[in-house]
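The next block holds one structure in the form of structure tokens; read it before the comments.
The first chain written gets the first letter, and so on, giving A, B and C; residue counts start at 1 in each chain.
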Amino acid sequence: MQVVTLPAGAGRTQTAPKLEVSGLDFFYGAQQALFDVSLAIPDKRVTALIGPSGCGKSTFLRTLNRMYETVRHARASGSVLLDGEDVLAMDPVRLRRRVGMVFQKSNPFPKSIFDNVAYGLRINESLSRSQLSEEVERSLRRAALWDEVKDKLREPAYALSGGQQQRLCIARALAVDPEVLLLDEPCSALDPIATAKIEDLLFSLSKSCTIIIVTHNMQQAARVAEHTGFFLLGRLIEFDRTQVIFTRPARKETEDYITGRFG
Amino acid sequence: MSYRYAARKAVNGLMFTLAGFCAVATASIVLFILGFLVWNGARAINWEFFTQLPKPVGEAGGGMANAIVGSAQLLLLATLFGVPVGFVAGVYLAEFGGRWFPAVIRYITDLLNGVPSIVIGIFAYAVLVLPVKRFSLAAGGLALGLIVIPITVRTTEQFLRAVPVSLREAALALGASKWRVVATVVIPAAGRGVLTGTILGVARVAGETAPLLFTSFSNRFWSTGWDQPTASLPVMIFTYAVSPYEDWHRQAWAAGLVLLLLMLAANVLARLVLAGRGACRS
Amino acid sequence: MTVSGITRAALIRLRNGDRIAHLVTLAFASCVLLIAVLLVAELYASSAPSRRQFGLGFLFSRDWDPVAEQFGALPFIYGTAVTSLLALLLAVPFGVGAAIFLSELAPPRVSGALTFVVELLAAVPSVIYGLLAIFVLVPPLREHVQPFLQERFGFLPLFQGPNYGVGLLAAGVVLAIMILPFIVSISREALMAVPREQREAALAVGATRWEAAWHAVVPYARLGITGSVFLALARALGETMAVTMVIGNSPTIHASLLSPGYSIAAVIANEFTEAMSEMHISALIQLGLVLFALTILINALARLLLLATARKGAVGA
């Protein structure tokens, strides 16, 4: 067993970790999907998780907001701390308000653009109509979608293009001001131009919130993330600054995976 | 804020409790029905009930032997008429369909399925009873058969479609023609499913009353032939239940219990047949 | 004959076998169409005398007097509509609630077992519901529920007049129980077909499970749920035996739910074998035609809605 921690001095300026995971095991029924994963996710940075499909990176992401609980017989053990608070013991509804998520396939509700973004605000807070509009505008601006949709807020969300829908889902997640934003392969169904927009967006968002992105696209990890973790067969093989992972990985498996994909 | 959250949590708990109550209450209606029938029916049921003819109005005792046999005859006729027609039509929909015709047939079948059984009764009366001016076992059986047809069509199609493509391809690759594949591979593979559908379809018409009121009518004695009016359990329950006689009420409960037990048995049997298929596969 | 010649002949024969099989099955499938056409034609033709005599006024006349050969359908249409709507009013909230529980909260095993039991309800014959209604439902209605309603809500016309036990209210309650299983099992299917991403999207912004179910899942499945309601309505309209046994069989129109009434199906069941005159039979068949048209219309609508959800589900997946 090995404990992978953040090397001292990594990152722009060292901040306290936002999420600290240690000894995390995860099971779907009798099958173990994660083995003793430990890492510390730095605050207000973009962290990428890479690895071949089925390596456990999405499962890991879903433990951070307990979304795995929608699957029956799934359980996690170990310690996951959000600002020192135990995530696995927290009320899941409160947790998810603080840790937002964007999914692989864009999943807008069959409602208007406005109502999609306003959804989380409406259930969580009682805002006046004008406050609500302000918040919706702010979230859409943060998701770099405002200029494209400001004239059609009442139109159904399904009328948007795939890339716009995904940014709408990001705006919906941002509206409740999450401290952490989880993204599960958010660009896998998008074209390169839409992908570039979302990547730009992630960079600017990282000033105000912690971002963790799962991706199968290593160039994407290299472009957007300051730190990268490599998963293989349910284990976290290596976690370091992205530059280190991609240029001088410490582990043979990481190197094989990266050169195999780049080469 | 936190007050608001507490309220949301309370709503969450309350609504799911209410929803759970709805589900459990709905399911427990079945238990109530079964309980009342067993309670009232078991006291009323005896050997006479199965072996004797009904007594004339006002006399206590007697049984429903003729109605039990009559129901069996009606169901036999309904099965012989309805199941083959429905089955072959179902094979057409699943295996041979063209471009638009199957969609039309499918839609019509669904609509026929929704036609109230009393309307089917009127139809059978107009076609089978009126021309010969006589209520008959045959008319009742055919009326029930008309109800069996659309049920069988849809279950047959559904289960044939569930047969994996790989099985068909395996047979086709061996050089079998389409109808041979269907007859020797697809239909046997779907056999249990189709059988289940048939059991449930026949069970459903076993309790049908409305279409029998003016086709097979009723009869206090043994029916003497296919062209004679015939007693049946559901019609007897109706007649006896709305009558003013205590003893007839007793017998209606007994007949209700017999009918319901048959129905439950058919449903459980159908479940078992389907479950058996699962066991064979794995 | 060469070997290849024999195979070729065999191949041709087999291909012909395919064609024969196609034609035979097609013929049986056409039977379904034939039955439907004959059904409509027969109802239409047999109701001709009544249609000629009364025209459209048949639907709006309140007189039903076999002796005077005056026939109007309004009391039956009224009774059918009132009992069916009452049944929906009682069964829809209950059934949809149960469906939400079964699809969103109950563990799969519990959900499967409960659903099987609920579907058994649909297998119970109508005449048995009638039997139970007469002896188990009507007495407490007459002794307790209806006096209570009269006492508390007697100022409403809905709960005035004599209390017999049998009547529109009793019929509506029995119908509600009878259509519950359709609403529960079809709504449950519609809810379970909602893509998981919809639930997760709501949960991910901090919705409770109920909020996710109510705001995200139910609206997504609303076409399917509406379909189940229409299907249930069609059942309720055409339901015969149980209604006949408790509705009171009186061809009158009263505002009160406690008063006896009559439904289309019930009057056909009661009077068809006793009808002597051609006009009486013809009027009853015309009632059958009205019932047929109503249920077909509502069923067709329900099927379209369910088809639409099936397609939407396929796209979503």
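Keep in mind that, in the parts below, a contact is a pair of C-beta atoms (placed from the backbone, for glycine too) under 8 Å apart; a residue touches a chain by one contact, two chains touch by 3 or more.
Every value quoted in this text rests on a predicted model; they were computed, and no experiment measured them.
In this assembly, the chain whose C-alpha centre lies farthest from chain C is A. The chain pair A-B and the chain pair A-C differ in C-beta contact count, and the higher one is A-C. Mean C-alpha positions place chain B and chain C at a centre distance of 16 Å.
A separation of 53 Å divides the Cα centre of chain A from that of chain B. Inter-chain spacing, taken between the CA centroids of chain A and chain C, is 48 Å. With touch defined as above, residues shared between interfaces to two or more other chains in chain C number as follows: 208, 211. Annotation for chain B: residues 8-9 touch two or more other chains. Under the contact definition stated at the top, the residues of chain A that touch 2 or more other chains are 93-94, 123-124.
Residues 107-108, 195-208, 211, 215-216, 219-220 of chain C are the ones that touch chain A when the two sit in their complex. Taken in their complex, chain A has these residues touching chain C: 65, 67, 70, 72, 92-94, 96-97, 100-103, 105, 107-111, 119-120, 123-124, 169, 172-173, 175-176.
Of all the residues in chain A, the ones that touch chain B in their complex are 93-94, 123-126. Interface residues of chain B facing chain A in the complex, by the touch rule stated above, are 1, 4-5, 8-9.
The part of chain B that touches chain C in the complex is made up of residues 8-9, 11-12, 15-16, 18-27, 29-30, 33, 36-37, 40, 85, 88-89, 91-93, 95-96, 101-102, 104-105, 107-112, 114-123, 125-127, 146, 149-150, 153, 177-180, 182-183, 200, 203-204, 206-210, 213-214, 217, 234, 237-238, 241-242, 249, 252-253, 256, 259-260, 263-264, 266-267, 271.
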